[in-house]
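Each of the next two complexes has subunit A plus one more chain, namely subunit B in the first and subunit C in the second.
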Partner chain A sequence: MSPGSRRRSGSGWGWWLLAAFLAWLVGYPLLITGGEALGGSAGWSLDYFGTFFSRSHEWLALWRSFWISALSVFFSALVGVPLGFLFERTDFPGRRILGALVALPVALPPLVGVIAFLFLYGESGFVPRAIQLALGLDQAPWRLQGPAAILLVHTYSMYVYFYLFTRAALARLDGSLLEAAANLGAGRWRTLVRVTLPMLRPALAGAALLTFMTSLASFSAPYLFGGSFRVMTTQIVASRLNGDVTMAQVETVMLAALAFVALGAMRLLDPGTELAGTVRGVAPSRRRLISPLARWATAGAGYVLAVVLLLPHATLLLISFVPAGTWTVEFLPPILGLENYGALVSRPDRLRPLVNSAWMAAAATAGALLLGFAAARGAVARRGKVGRLLESLVVLPWAIPGTVFAVALATTFSVDAPHLGRFLLVGTPWLLPLAYLLRDLPLTGRSALSGLRQLDPALEEASAVLGAGRWRTLRRVVLPMVRPALVAGAGLAFITALGDFVVSIVLYTLDTRPISIEILSSLRLQDTGLAAAYGVLLMLVSGAAFVLWGRDGGAA
Partner chain B sequence: MSEEKRSFLSLEGLGKRFGDHEVLRAIDLDVGEGEVLALLGPSGSGKTTALRLLAGFEVPDSGRIRVGGEDVTGQPAAKRGFGMVFQHYALFPHLDVGANVAFGLETRGWSRERIAARVAEVLDLVGLTGFEARRPGEISGGQQQRVALARALAPEPKLLLLDEPLSNLDPSLRERTRRQLRQVVERVGITTVLVTHEQEEAFHLGDRVAVLHQGTLQQVGLPEELYERPRTRFVATFVGRAAALPGRLEGRDGEVGRVSLGAAGDGQSWSGALGETVEAGAAVELVVRPETLAFAPPGAAGGLGGRVVGRRFNGPITYYEVQPELQGLPELEVLADAGAAQVGDTVVVAPSGTGPAPRIFARPVEKTP
Partner chain C sequence: MLALFTGLAGCGDGRTSVTVYSPHGRDLLELLEKAYEAKRPDIDVRWLDMGSQEVYDRVRFEAANPQADVWFGGPDTIFSRGAADGLLQPFRPSWADAVPADSQQADDLYFGVYLACPILVYNSAAVSAEEAPRDWDDLLDPRWRDEVIIRDPLASGTMRTVFGMILARSVAETGSEERGWQWLRRLDAQTKEYTLNPALLFEKLTRQEGLVSIWELTDILLLQRRGSPLEYRFATSGTPIIDDSIGLVANAPHADEARAFIEWVGGEEALSLVAREVFRLPARRDLPAESLPPWAQKVLAEMTPAQVDWDLIEENGARWMETWDQTVRAKGSESQDL
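Entry: the complex of A and B
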């Protein structure tokens, strides 16, 4: 409708106030950190940046972050795009179930995925152990560490972006375009190169960006597999651990800069990059594989693939049933039992991390939902400056690696200076939920944005004309209509916070120890069964949230 | 406005601009109590903006809106107590038909029984008795339209606003739904403003029709008045079929003028009614409707030679498209018997003397490139 159609919803200063609050929450800590890295209160200087570049291992970490991310994109595309074509374009027995299974790795919180890999392919994992036993070797055939291990885990968890984006884009592709190409005499190859791939370009660019940013921010895999091979995220945490706070701040600034450069470059190269994710569409017809041999070969390969993809989950499940100290040299664990799960609920020190993670994730999700929805409403209602500002503030944290936020929050809220908008939160139980909230904000905000953008403005006008005021319209019309999108966003936000490791490792206190930290310390104490039990719980909750997401908000 | 009806709704100098674009310019309009006024115009004419100003979705930059003597200009939509049927109906998809219709009643603190009774009553009015539990997605487009009407009428609004109420329906359904809409509105006797770009819809549903063009009100009147005595060139060509023939005004006798046709004004001389004040000798256009022209024998007085370039058989009537030989004249249409001519025939066209008199308007100044 006309540009001014919703000019009357909400008073202007309310939205500006919200924008100011979000700017304080999202942007201010980054500014403070940048300031501190430049010397801050002690006077401006570039000394620390000089030190950063004079130490080869510092800029080497930056360079590694870059190329690990670039290669992650490459390998993820290599796996994900062909799979997307296979599952969207051909029909074979078991296609639907397999198609869902293939997306499963995305449902595994990063740390859980990493330990599952460790149990499966690590030095004493199932696969090396099997090979060792079969071939009678003295040692495990390989050590899962270094860049190869990181890339393996990244590819395993991130090809799903390419797979899902490719499938969604193919499903949305208008089948008549392909028919038109055929009608104009183009063969299959020509149609693929001239029609299909150009149409997929925005989706593939979106998947590439998502993979690159996720990989840049990735912490669990480099932390557990990297060893001396440090990328920026692990370098930052190591600097902090060594007490070199300012160097950690400089590193944080450099990582944030790399993230923004990557984002900017992508926007410049491909302004149409799709960030919103999947949209349902009318699918072009699937090619039924006619030859029975081809059908069964494809199906067979598919099932092998599914088993490979499910092995980490299965391994985690199995290990979680192994009581501590009962499994030594055998190929399969001799004793299985529920001891580990029993310990989770019966021992207060084991239960505590579950309770902590649950309440912090719930609080962060609730806050992010409220803020994200309010900001999205402002962004949709107001098309001017304040609307764009609100949208940017909500979406921005997505581009910022978790480690950066963690350091920025730790820097900003280590001082009690209310007149500067800084409060003493370090060491209190409030900093970690706040950090989770920031990480959740783009998830809830985006869902709310897409939900509200799909809402026909005439529905709100109809409500108004029937005498309903602003609150009544919100309660009776807007909220029920965007509920699926909000539920989906909240589900993702909750599991992100529940399984978080990257922010937690910087900000946790003894009182707020979350599940991920407990998994890590269980691993250190060789209590693998317990670590696996925590992992299984996270996996189940995440799986449930994804089922919810797929059903209600997949289109959002 | 019909004399016996008091003005119930009045727009006084209503104006609206979006940025630099002036969408509505000082509209003055009165609608009598119980009257149905159709706002007719092409897209971009400002008719939708006028309706949105009435509903309270937009605030006018100038002018006032009065309903029953009360100034509602600054009132928010929720306080106006109007009913509206949206172009795409805007039925709440998460509520069933009954809850949709009850939506406007719930704010009034009525008892549940009373609401249910009213919902049943209005659903009965639109011929959808017993549809309460259906979902908007489960019923046909025509039924959705009637639910939207029932929802708008349920709270007994002071004024009913209809935004292109039939544009979303199949042509086959449109005529029937239009008749039903007309019947319901007549039965309720509610003052109604309807926006449409379809002349047939405006003529059938509107007691009077107001034609809008580029944000200005061109003419308000009964359909017959608009058709027979259009007051602007836009109304003459937008309402009904017509060709605008350039010419020069030779002279006038009261309301009747004689026009020599052709861009240079050296062709045949036809007469018409002066639609506006034009000086003798001025460049004009003579707007002629197909039914006022006929094929004439060669050499007939005032006969305009031409060639048939198209023929449209339309059941009871047949249109012939004729390209006159005279320099600068556009194609014109002639209404004649099905067998009167063939495409390619050389013919002579002359005024038949029947139907509404051709109208004379000042020729728009040619835009110099």
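Entry: the complex of A and C
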């Protein structure tokens, strides 16, 4: 046994303690909620599940949730994977900047992002009106409605997962493997199918899971475009609006059940599913496109693509300059002005949500970084039960739709019973940042994990042999080495918390009201311009964070 | 950043806060906040704007640790659910006697403050006053096929009331709901889209994606002040007037201050302020007509209140909307499933 591993095993109980702490934060709320659903302590029982199963429209909503999510995965992969290959494996002018732009849909703010789609592709939006004018049609060529519209928005906002995961995995791919395949006489196609894709499988499975869960929990697109086409998330809201709170709870549990079945199936199919590919190793060299024609054609297509991808952002920016009530039937808004931004900065209470979101996202990211790193240390140091447990606990929050997770936290922390591990957090400013932290945990945890896994254990041992203490080794050797991975994870975590809507809508209070809730409220008050202004600010901060961290930590 | 944060956190100024959850919107809430704080410098009115259903959800959700003091706004149907769940505590303000008996709740848990009036809406840039629908039935005219856009009724107290009135009328006049359901199916066939929120409804009407609708008077008057082309008309067969109530949240952290606020909101001064500035019609009947602004006097003169069996609507509302959602909504359109 090497000195290093003996030292680690000495503090084994510490890892168990950490696992217990994480289990309390992540797993316990789900158990409590599930228990209440089945045990009937909230005044309801299995009867409601009977009612659920007897109603065909409930089944239909569940089925639609499933197939919409499955197709979202399919289309997102169809767009994201080839893009990942293009930007990671070929070299052409403008590759770096385009590569960053292509990831920007991840920074499209909630709700107003979808509204921007409406202004762009909706019946009286720019694109249909332009087509209508160009072709002299009496009517708009299409209406942005139903499942097709939902899938369009999902694909747009979720292909980024596939894109980032593919790029990160390709970057980590050992170039010598590809060379070996080529030397053994495999053609490019054969190498792709037999070597590259199998190596990408864990990352792709991770992206698929993430896309599936995100679209299962997706709310604004189905709500805005669905109409009578109900998925489970909108069905839950419909039940609540109709006063049937109990049925809404049953529907929530069913949605969670669907998520768990999907997770189980995924694990069964691919035990190595990875949830965040973020670290880059020694990448195979990029194929430089030799023919100038091919280079410029690729670059040209890339720029066109970037423009198309940035249209919703541009639309949002435009709307943010339109004073309320001035834009009616004109093709372009007749008046542009800074009124909305003026309204935003002139009153401190309107700036408050920005400050709230910023501090909560920062605090959540810091906490998630600390917990995620600690858990990843444990998972790497101890390969046995505790290691696997730590690894699963860190990933768990992503396998649960955000709404379900928020409701579980709210249920658990609405009771003051410290001996049961439950505290009264509902209504306090602590619950929402805590929820952000837990939602962020998979991002920081998995990136720390992949960073630490690539670290040569000999380095730590050398440091110990040279007389450095554990802190010194951590500070001077380990942290500098895994810094890019941590930074990349933290960047995504910050953006995720900053723009969150699904968790916030359940848990916010007057003092923690975040930007997304202010956007919702502005939209409710017919202040689309103000909502867009908030959206633009959110986009700028997210974009800046993304570029800043992206440059430091690689593509993901 | 830190300085900004602590500066914004406020409340360290020694004032007692009163927290109001309300769907009434920024215009009204800011107006009342300023007026009340000017009168009571020791009070900091803090409000959170959200949909009326959301107020109920949030108060219910925070029941273990209430944050709100005053539940301000929403139809009786939602308040009665809050009362049944024990989310309100009794408080009878001095103005309660001036509110008609049917706008009062038996246990003094909530009282009507304002009246909301469902109306017919049309875009005056595309539809002349002569052509515009005059009564609810006119919406079924073939002329408006695919020109009707309405707010998703599940999420809207106004739309629920109008649909409820149609069904209640059918029961009252024919003894069965069938005629009412037929009416709603015909309206569904005319309807181009059910919008998610009022903002999108106005947006789409203004951009002429549709031309006629059903909505609530206050919003249209506010829009007109901002130069909107949307115009309204009271239905000739009668307007089902909705009570918009206020109540004291159970275990409110600042119950005494909340009582004083509720007392003030229903007082003459505040009622005439909101009538003048943000077009709210008071529920109290004891205010002299000349104390009301001209628009309100005009409304009271033009509008015919509909005779509606409110108990029947209250009793059946949830079932009706569920049935509507599953058997009527968008049945005209083709199946969208795999």
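Simple rule for what comes next: the second predicted complex is superposed on the first by the 381 of 556 C-alpha atoms of A that agree within 3 Å, B and C clash if a C-alpha of one lies under 4 Å from a C-alpha of the other, contacts with A are read in each partner's own complex, and residues count from 1 in each chain.
FYI, a residue touches a chain if its C-beta (ideal position, glycine included) is under 8 Å from a C-beta of that chain, and two chains touch if they have at least 3 such contacts.
The structure displayed is predicted, hence computed values, not measured ones.
Visitor: Tell me which touches more residues of subunit A here: subunit C or subunit B.
Guide: C
Visitor: Give one of first, second, both or neither to describe whether A:341 is in contact with subunit B, with subunit C, with both, or with none.
Guide: Touch partners of A:341: none, neither subunit B nor subunit C.
Visitor: Where does A:534 make contact in the superposed view: on subunit B (first), on subunit C (second), on both, or on neither?
Guide: neither
Visitor: Using the superposition on chain A described above, determine whether A:15 touches subunit B (first), subunit C (second), both, or neither.
Guide: Neither partner.
Visitor: With the two complexes superposed on chain A, say which partner A:465 touches: subunit B (first), subunit C (second), both, or neither.
Guide: first
Visitor: By the touch definition at the top of the document, which applies to A:523: first (subunit B), second (subunit C), both, or neither?
Guide: In the superposed model, A:523 contacts subunit C only, not subunit B.
Visitor: Looking at the overlay, what does A:124 touch: subunit B (first), subunit C (second), both, or neither?
Guide: second
Visitor: Once the shared chain is lined up, is A:159 touching subunit B (first), subunit C (second), both, or neither of them?
Guide: It touches nothing on subunit B or subunit C.
Visitor: Kindly classify A:64 by the partners it touches after superposition: subunit B alone (first), subunit C alone (second), both, or neither?
Guide: In the superposition, A:64 contacts subunit C only.
Visitor: Along subunit A, where are the residues that touch subunit C in the complex?
Guide: The touching residues are 57, 60, 64, 67, 118, 123-124, 145-147, 223-224, 227-229, 237-238, 240-245, 324-326, 328-329, 348-349, 351-352, 355, 358-359, 410, 414-416, 424, 426-428, 506, 509-511, 513, 521, 523-528.
Visitor: In the complex formed with subunit B, which residues of subunit A make contact?
Guide: Answer in residue numbers: 1-5, 7-8, 456, 458-459, 461-469, 472, 476-477, 480-481.
Visitor: Which residues, counting only subunit C, touch subunit A once they are in their complex?
Guide: The contact residues of subunit C facing subunit A are 1, 4-5, 7-9, 19, 25-26, 46, 48-51, 53, 57, 60-67, 81, 125, 154-155, 193-194, 196-200, 202-204, 206-209, 219, 223, 226-229, 318, 321-322, 325-326, 329-330, 333, 336-338.
Visitor: Could you list, by residue number, the parts of subunit B that touch subunit A in their complex?
Guide: 18-19, 23, 48-49, 52, 55-59, 76-84, 86-88, 90-94, 103-104, 107-108, 151-152, 155, 161
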